[in-house]
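One chain, chain A, appears in both complexes that follow, with chain B as partner in the first and chain C in the second.
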Partner chain A sequence: MSSASSLEVEDLRTEFVLRDRVLRVVDDVSFTVEPGQALAIVGESGSGKSVAMRSVMRLLPKTGRVAGGQARLGGTDLLGLSERQMRKVRGRDIGMVFQNAMEALNPTLTLERQLTEHLLWHGICDRAEAKRRAVETLGDVGIPEPEKRIRTYPFQLSGGMRQRAMIAMAMVTQPSVLIADEPTTAVDVTVQRQLLDLLARLKARGTGVIMITHDLGVARYFCDDAIVMYAGRVVEHSPIRPLLAHPAHPYTSGLFSSTLEVGARQRALRPIPGSPPDLAHRPPGCAFHPRCDRAEERCGQEDQPLLPWSGNGSDLVPGTVAETGRPTDERTDDRADERTGRREVACWKAVQHG
Partner chain B sequence: MADVTVRPDGAGSGPGTDTEPVDGRLIGVDHVDKVFSTRAGDVHAVRDVSLSVRRGETLGLVGESGSGKSTMARLMMGLMAPTDGTVTFDGVDLSTVRHGDMRRLRAQMQMVFQNPYGSLLPHYSVSANVAEPLRLHKRGDKRSRRQRAIELLTMVGVNPRFADHYPRQFSGGQQQRVAIARALALEPKLLMCDEPTSSLDVSIQAQVLALLDELRAGLGLTLVFISHNLAVVERFADRVAVMCLGQVVEIAPTEILFDSPRHPYTQQLLAAVLPVSKDPLPAPATPWQPEAGDLPLREVAPGHYVRDCTT
Partner chain C sequence: MSFMTYLSKRVVRMVLSLTAVSMITFTLLQLAPGNFADIQRISAGASQFGGAGTEDMVHAFASRYGEEIPAWRQYLIFMKGAVTWDFGPSYKYPAQDVQDIIAQGFPISATIAIIAVLLSLVIAIPVGVYAAVRQNSAADHGTMFLITLGTALPNYLTGVILVLVFTLTLGVLPSSGWDGPQHMVMPVLALVLGPTAVLARYVRSSMLETLREEYVVAALAKGGPRSTVITRHALRNSMIPIVTVLGPLLASLMTGTVFVEALFRIPGLGLYFAQAAASRDMPLLMGTALFFALILMTMNLIVDLVYGYLDPRIRAAGGVSRWRRSQKSPQRQPA
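Right after this comes the complex of A and B.
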């Protein structure tokens, strides 16, 4: 088991082939997840975040195809593996956690069958040892009386418990990388925090986590880095705290000012006008320009590549760090991050004006 | 039954019913219980809840799944009868209303649901969806109903050019706007919003909230706003009731509830929130365990009621 490899995705391009046209759903997406690090993929529905992950896992529907790029896990390009080889990677080297455990777990099998399946299928250990590990993992994820609960079916558990069971299933093989697709969207806030703390333990043991989310609070709490996706492309790539303190791309700041936050009643709610584009009619140039209040003619004409962004540390955006009264020491932390962490943004205006 | 705080005006009783005179409440819920009997035993979904919704206010109802929020919504809408206690709407006890009159009363209380696509008729155009309540309540003729539907669609920000399109041709945010237009067709007094923005993307959620905010001010609506998203409720509600296991554990004006929560469950709920621009509060060392039995709700400050607890 390679339990300390990083996942490097480079120029990933995924297309869906429809009857009369080809849609590019993921366009030149690159990122790296180091062991023990967590990357947030932030974006709204239809931005391509789930498809990008399914491309890496090679779980695209029949109409989808990877049209270019690489996804290397510890030196192996996953996109070049045969289906047979890929099956050895899924579940063992890369685990997955989904939003809805009721749909992701098999309703006709007990937890024991589902939790030991990976271990047995990959030939990691024998049945007795598999059961021992499964019980242990169930206990680790905070399910009371794991010896007893392992004999139950998913429908006999509450929503929070089912989500824990699914995380246990992904954890049992101690994968190098865990892909979590909105793992806490369907659960209550108190459970959400418990689940994230649970995933943090996995991270501490060296697993790299990719978390797909549209909740910036979750991203801030759990992740180290983030990429922001819009219409299939990465529009911003940054360590998470500087990203939230000074969003560089207009879409990122739009997401930020659309997000309601407890204890910030005074902050004006400024929704982004319009709705995300239909990929069949992707606006030319920067796909966000029709909704962007800073757009100029050039934005609709030129594609915007991701370029390094250094920003301006003293130029605090209203309503972010300065006004939220975060302790000064922490603010310095963010600044430090900002100096060391690489930031990239796909907006010429942001690059020019900082 | 819990203890009874006698209201200063002597007009009624019940914790959480506050000092509002009876004609100031649009909805009155007094000592309501709801028990669902299942083969596996009884489920006590709502226990001894008393609260009122004042005319023109927005009452937020928060709590985790299974806390009884949606059951409360159905009870307040007269969609189910309480096992015990009374629900009044505009001074009328809903349990005494006959079937035909109930339909007339329903025109004054309309609902917006979480899943807009599921709540719209898929085989009706959006204008027909919006006109449907008018048709059911025999208002106007076909032409005037369509005219009214188009006005309503314009009001909620749906381009009337698309009035003859079907719900599936719209995005989730647009569908929710259509559902809001339909809810407003009968000019209701009350809009019951059950997680109206939970299934929408962040940028769209903000748009729909801005719309609801504009509408309630413009039309003088009374809102009950149910959500598990505390940030949305903080922004939107005048008063907030926190539910846990079928009971209201705390009820207070929004600012007071968020700035100085008194009940351990409310504190725990607020501590679990993950803020975007600052670090979260520390999680409580020992989570509060819901207690059995009916502990009383007490007024700790004007309009701020907290349920007793032993821990």
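Right after this comes the complex of A and C.
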């Protein structure tokens, strides 16, 4: 099993072909996930996070197509593989965890069937060994009496257990990359913590994890890097802690100041005005400028490329996490991270003001 | 709730329903204009029975139902026999007890029905799945066009076309009678078209719904071959609504298809059923109606048990009726 390959996505473009036009849903998205690292993909609904992941898995709906870019896993471009070769990658090299286990687990098949079938499809082992591994993995994810539970159907488990069973289903083949699409959104907070610890253990074993999330707390707890997506493009790319401490892009800071975080000092929630753009009518220039309170004329005229950024941003975006009284030792941590991580932002103002 | 409790509850409900069916049928029969003797007298010229013959017959069955006995007593006498599976002699066929007529006709009708429904399932499932998987393609539209055509074509017309082709033109199949497999081919083919069309439509729409489920994507994301994912993950879940239509469909075909049996001169139940209603033959009508109700209820019970097999959630709930009632009930298909 290839347990140490990194996933490198470069200039990924995905389009949906409608009756009379083509929508670009993912536009020049690039990121890398190293073994044992976790990447957060953050953004509002409809920003293209999930579509980007489905593009990498090549599981787009019929109207979708990848129009360009590469997705290399251990050097092989997945987008160039035949369907037959791609099938060998899905579930074996890249595992996927879905938001809602109730929907992602088949209600009419036992856990045993669902946890072992892909081991058999990929010819990893025989049926008896597959069952042994499935029981072991169920135990690993903290399901009590796994020998007994493996014979049950998904509806016979509690919500948290189901979610764990689904993670076990993705883990059982020991993939090198795990894509988790909001794995903790549908469960309550205590279960959330257990699931994150589980994923953290997986990460420690060398699995690269991509986590799609709305929840900045989750991203902060678990991820090393983050990309922030808006209207199909990456607007900011950064190690997670400096990103949270000093968001560079106005959209990122808007996103942060519109969410609550436990433990942060009390502050007013400030929603971002307006709603994400309809991709059929993407605003020219920076797609965020109609909602941005710092927009100038130039923002609506020039496309904003991702440019290196080294400032701390606090003068640009007052009232963000950095100023809400996070303990000083954490600020020191932020600086330590900044040494290692390269930051990029797609906003000329942020770049200019440093 | 244990399985046995569930089953016995269902049986009690069946008995109550049958009683209600018998009362309603008997009342309707009494309310219908004319009675057996009058109808026989009116059609005397054309009938094999003379006017006097009819009088004789009325006296012949007076041993069980005298002319002067009030209707409610006739009903009680009939029901008393019915609980021991003794429906008494038919008015029209006084030499035969109704239960013997059923015992003769039912196996014939049931054989045709079961073969026809199995055959239509064998055709409808792959066709429906094929159309669903290629939704909105030319193949899908083409298949659905043929299916609509199949729904529109009545089975007696199909039967006539079959006779024209296989008997009159090719001369390979007998056009009437019931004696061996060569007599089954055309009736079955005539009956297969309608159910196939209906079932294929259900399979397609049910499959389309299932294919949108996230667990299908999840199975593909595990590296499942498309065909395996469709058969193992999608088909089973798509079959649940199909089973719902299947029960009543099978029941209505099993109890006789009037047109097809008449066309091919098959001594099935359908013919007797139609005659009984037309001639106000009380024991024959009551017997066949109750038998039909019994078959329909048994089919529904089997359907519910099959649900439990297909969907473990229903099995766990210990009963289907409550779950089923909450589902959108599909329209019953007339035979």
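As a working rule, the second predicted complex is superposed on the first by the 333 of 354 C-alpha atoms of A that agree within 3 Å, B and C clash if a C-alpha of one lies under 4 Å from a C-alpha of the other, contacts with A are read in each partner's own complex, and residues count from 1 in each chain.
The rule is simple: a contact is a pair of C-beta atoms (placed from the backbone, for glycine too) under 8 Å apart; a residue touches a chain by one contact, two chains touch by 3 or more.
This is a predicted model, so every value here is computed, not measured.
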With both complexes overlaid on chain A, does A:Ala104 touch chain B (first), chain C (second), both or neither? second
Identify the partner contact of A:Gly254: answer first if only chain B is touched, second if only chain C is, both if each is, neither if none is. first
Using the touch definition from the top, say if A:Leu244 reaches chain B (first), chain C (second), both or neither. first
Output check: A:Thr63 vs chain B and chain C. Expected answer is one of first, second, both, neither. What do you get? neither
Between chain B and chain C, pick out the one touching the greater number of residues of chain A. B
Under the stated touch criterion, which partner chain does A:Glu117 make contact with: chain B (first), chain C (second), both, or neither? second
Just checking: does A:Met96 make contact with chain B only, chain C only, both, or neither of them? Give me first, second, both or neither. second
In the complex with chain C, residue positions of chain A that touch it: 57, 59, 87-92, 95-96, 98, 100, 103-109, 117-118, 121-122, 153, 155-156, 166, 169
In the complex, chain A touches chain B at residues 44-45, 159, 188-193, 196, 214-218, 220-221, 244-245, 254-256, 258-265, 269-273, 275-276, 319-321, 324-326, 330
What does chain C use to touch chain A in their complex? 213-215, 217-225, 228, 232-233, 236-237, 310-313, 316
Once bound in the complex, which stretches of chain B touch chain A? 64-65, 171-174, 201-207, 209-210, 228-232, 234-235, 255, 258, 268-270, 272-280, 283, 287
